[in-house]
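Got some structures for you, see below.
Here chain A shows up in two complexes: once beside chain B, once beside chain C.
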Partner chain A sequence: MASYYFTIIGTLDRPLYELEFASFKNPTAQGVPGKSQFSASVKEILPFIANSSLDVVEDAQWNSNQFHLGKIDAFFGLQVNGYITQGNIKFLLCYETPTNANLALHAKQDDTTLKQFFNEVNDLYVKCLLNPFYSVNDAITSPDFDLRVKLIVRKYL
Partner chain B sequence: MSRSGEEVWKNSTEKINSELFTLTYGSVVAQLCSDYNNNYNLVNKQLDSMGYNIGIRLIEEFLAKTGAARCHTMKETAEIILKVGFKMFLNITPQVDNWSLDNRQFSLILNENPLADFVELPSDAKDLWYSQILCGVLRGALHMVQLDVSVWFVKDVLKGDDITELKLKLNKILKDEVPAGED
Partner chain C sequence: MEYPKGLDPYNSRQHLLHHAYSPLISIQSSISADTLAQAIASTQDISILQLFKPYGNNSKYSISNQVFKITNTQLITKNYPSFPIRFEPPLPELISIKSGTTRESSSTNASTQSVSEGSGGIVSLNQLFSIGTLELLLKHKANEASDKGTGTGTSDLYLGFFDKVITSNHIVPFETFNHPITQIFVVDYAQDSLEYLREQIVHFRNFNFPKFFQINDLLMHSFVFYDPNTVSQQEIIAFEQELYTMLNMNATLFPIQAFTQEVETISISLEENSTIEEDLQRISLKSQSTNIKIPLSVDQILRTKLNEFIKKYLIPHMEQKIRYWDDQILQPKKSIANKFFSASRRLFNNEINSNIGFNSHENYYHKSSPEQAIRKLADWSLILKDFKYAYSTYDLIKKDFTNDKAWVYVASSQEMCIVSLLLAQTQQSNSNLRPDKNTLRKVRHDIVEPYMDNLSYTFKSRLNLKSYSSRAHLVVIELLLCMCNAFNISWWWTDLIEKYILKCIAEFDIQLPIGKPAVTRAILYERLGFTVGSSIYLNLENTFLLDKFFDRVKTITDKEDDDDQEAGTFINEHKIKAPINATIVGLSRFRKSAMWYLLSIKEWSLLQNKHQIETLLTNVELVYDPKQKDEWYTRKDLLLGYILNQVGKHPDA
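This part shows the complex of A and B:
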């Protein structure tokens, strides 16, 4: 059961939204399903890990014509996947590498599901942006957005 | 001869992209909110008076395009507003309900509201009636056909209500005379 940290970073490198969760697939007996299991020391540096990969995102965006940039960074066993929207908003997903043997298989599956995950979050973000009371780089506080992200999480991760 | 709302909508209404329309209205409301420092009562009032100014012009176009004849009862008026007015300008047909005993007041129930797509109200905007402009339009249009009415929102799905509901109440039927200006 992998743990994830998802964050949306605005054009001014400020976080707009963040969410910590764990995979709903193959839940183990320990803990509540969906509750992340980062250790306390990792938990507090997650935003730093995400933000430190912003430079890599900005380099990677010119080498690819895809919005989904794939795995862009790693930090002591934490993988960082990035996605950049047309409006230069970054979606970052940090997650712990699974320790089991079929790592390659896992990585392959992950890439397509992550792509779908990011695409759906992007759709959701666009809807949020269409709200006349929301302007670019405002923090996303809408409970509806939060709920919908969680539904997407449940569906893909 | 009067034409049906469907017919007017199909043949003689200029159409624009609904997202352009929704977003334009959204920007207007959001701008008003920031101009009035989130004093939502003032925003409502301003939207209402903008609507009134639209309504007093819109009625001319409405009469020219539909050739609707004079209504004799409020029931007829309601029917025309719903099935022709809303249909030809917004392509929606609200439901009418809750007639008062004296037939002077009724509810308009909007099953869909093209003004409010994508909108999520800020959590402090409890007093804002986002689509208040509709009230103004109805008031203005009816004023020009000698009906003095009050129109107000009682429910809005944006505020978490189950339906969007407007109340329309006939105050009095004006004599044929030049109507006084809004201000």
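This part shows the complex of A and C:
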């Protein structure tokens, strides 16, 4: 049951939306399904890890014509996947490296599922942008958006 | 704008040359000479060795117009402004101290390997330093700095750490930097006779030296102290000549009046070139001060005479030996005839002389074997700053070591291959010649990476000498940083440096108590922050873009009210502002560097060292400005918010 941290970062490097969660698949005895298991010392630096990988995102964006940039960074066993939208908004997903037991499973689902996940979140984000009361770089506080992201999470991760 | 602030890698390169790759001079003094030293410094607890030790660093304690001429094997002469030397106790003493500590530790620590247990002194391979004691020393230094509140910045702390890692006086067979080059006998003319000196020399020569140490390479020399008021010039010159004819030994004369009532004194630091143990001892014996006061006239004489000794005796001795070895051993080895015969010699060699060749049981080459001599030749030419020649020699001898399966020798010469190559590349004189892509590719993929992997395997798995591997990593990190700086080629090396620093941290973490904050970790994180922060992927002609970026940062932080336009002007509030780093998108790693600095700050905050936190915060300011209100990074559940609260700098407080 891997833990994830998902964040949307605006053009001025400020996080617009944050979500911590865990996979609903392969639930184990300990912990509630869907509740992240990051330790306190990791929790307090997660936004900084995401922010620091922006450097790499900005470098990687010139080398690829895809929006989904794949795995871009790693930090002490935390992997970072990135996605960049047309409007220079970045989606970042930090997750713990899976243990050996479910490594093979992860490798298989990894790239395609994450890509689909990012694409669907992007759809959601575009819908959010269409809202006349929302302007770029504002924090996304809509409960509906939150709910829908969680549904996508449940579907893919 | 300089960002990030940290230790200039050229500075650490300089320290590397001064403290690790400089000639080791062993000093033995008579009792009366020691008494004289005590009279000079007007303190009871000092010996001649301690008096001379700081003066070995002649870039710090120099004379005016100091120039050292060094001629290499190609007969090219170069001038150098300094040529530091290290003064240490005589070899028998060095060995006995080390073997004493080994015997003590071997009862508790099974990993220590005994190397040479001949009839002579026991020399064993044990760790260069213990990370536990280093941690203790660094903690003390950090606390000292924070008590003072000023002075020692974090860069000094890293330099201190680096110095301690590279400074050692361990005698090992596989590298000869710590084998003394000169043995000096210090005598007082008034008290000690020629006969006494002769006895000392005989006693010294009769010592049963380790089998890998060649005493014939040792230059015997004497320092004679005399009082110019009571002894005439002719008398002392006659003594010098007599010394030469009777004992075949040169002397340097020191006209010193010990008992002058001179008012003017100069303060000399005793901490020069000291090892971790010596420093800890000094700290535990709190009474000892770290400085001594020496009369100005004596100070001048010591400086000039040591300069004379280095120029007149030490450098010529080394040059002569190098030329001899080059001529007698290296050139015949390189010759084409040798290449033809070496195979047959190996096939038909019946090991007539068991002394020659590698002793795999005790892990050393005999002193008279050509391999040991060539290794010494390479080391000495590195000391004399002929890096290219040293590199080719290390590279040549490495093959022989591999054939003999002398793994520790292989690992050590691999380390020196990388070091000499990088030293040669980063020499100031050729700094305008940037190496091309193919050279860099070769250096990285054929030399640095495979050799480092190989040597860390040998040191760690084959011999359990983790500290040697850590030292090699730290040295290579600094030299690679130098190279990045010199040629502006960070994109070649930053990932490798990052990998090596993380390796070092992981290595040290194993040896430190689990779950506790450590100064070593904090320092290494900081260095990582510096490395990443100073890697800018811009061409030299485009560096002005970086200045533009800094200007932007400055104007934004200086004045928040950038809407001081004329009243009535229409302002579109929804217009997206260009990102701050618009000029260098993807070409810098400032945010990544800030992340590592934050981790370092976290360590310091757990160690409750406010001074270090405040110094390091200046390096984070560029990305996370703690003065800004309502920013995401000062949230109280995040690391930075928590730390700002701790030091009382939170903007909302």
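Criterion: the second predicted complex is superposed on the first by the 152 of 157 C-alpha atoms of A that agree within 3 Å, B and C clash if a C-alpha of one lies under 4 Å from a C-alpha of the other, contacts with A are read in each partner's own complex, and residues count from 1 in each chain.
Definition applied: a contact is a pair of C-beta atoms (placed from the backbone, for glycine too) under 8 Å apart; a residue touches a chain by one contact, two chains touch by 3 or more.
Every value quoted in this text rests on a predicted model; they were computed, and no experiment measured them.
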| item | value |
| --- | --- |
| Superposition on chain A - do chain B and chain C clash or fit | fit |
| Partner chain(s) touched by A:L151 [first = chain B, second = chain C, both, neither] | neither |
| Contacts of A:I49 with chain B and chain C, given as first, second, both or neither | second |
| Dominant contact partner of chain A by residue count, chain C or chain B | C |
| Partner chain(s) touched by A:S142 [first = chain B, second = chain C, both, neither] | first |
| First, second, both or neither for A:A74, with chain B first and chain C second | neither |
| Chain B versus chain C as contact partner of A:W62, first or second or both or neither | second |
| Nearest-approach distance, in Å, of chain C Cα atoms to those of chain B in the combined model | 11 |
| Footprint overlap on chain A, comparing chain B with chain C | none |
| In the complex, chain B residues that touch chain A | 19, 23, 26-27, 29-30, 33, 118-123, 125 |
| Touching residues on chain C, where the partner in the complex is chain A | 537, 574, 576-577, 579-581, 585-592, 594-595, 598-599, 623, 631-633, 637-640, 642 |
| Sites on chain A touched by chain C in the complex | 11-15, 43-45, 47-49, 51-56, 58-62, 75, 88, 135-137 |
| Residue numbers on chain A that touch chain B, as the complex places them | 127-128, 130-134, 141-142, 144 |
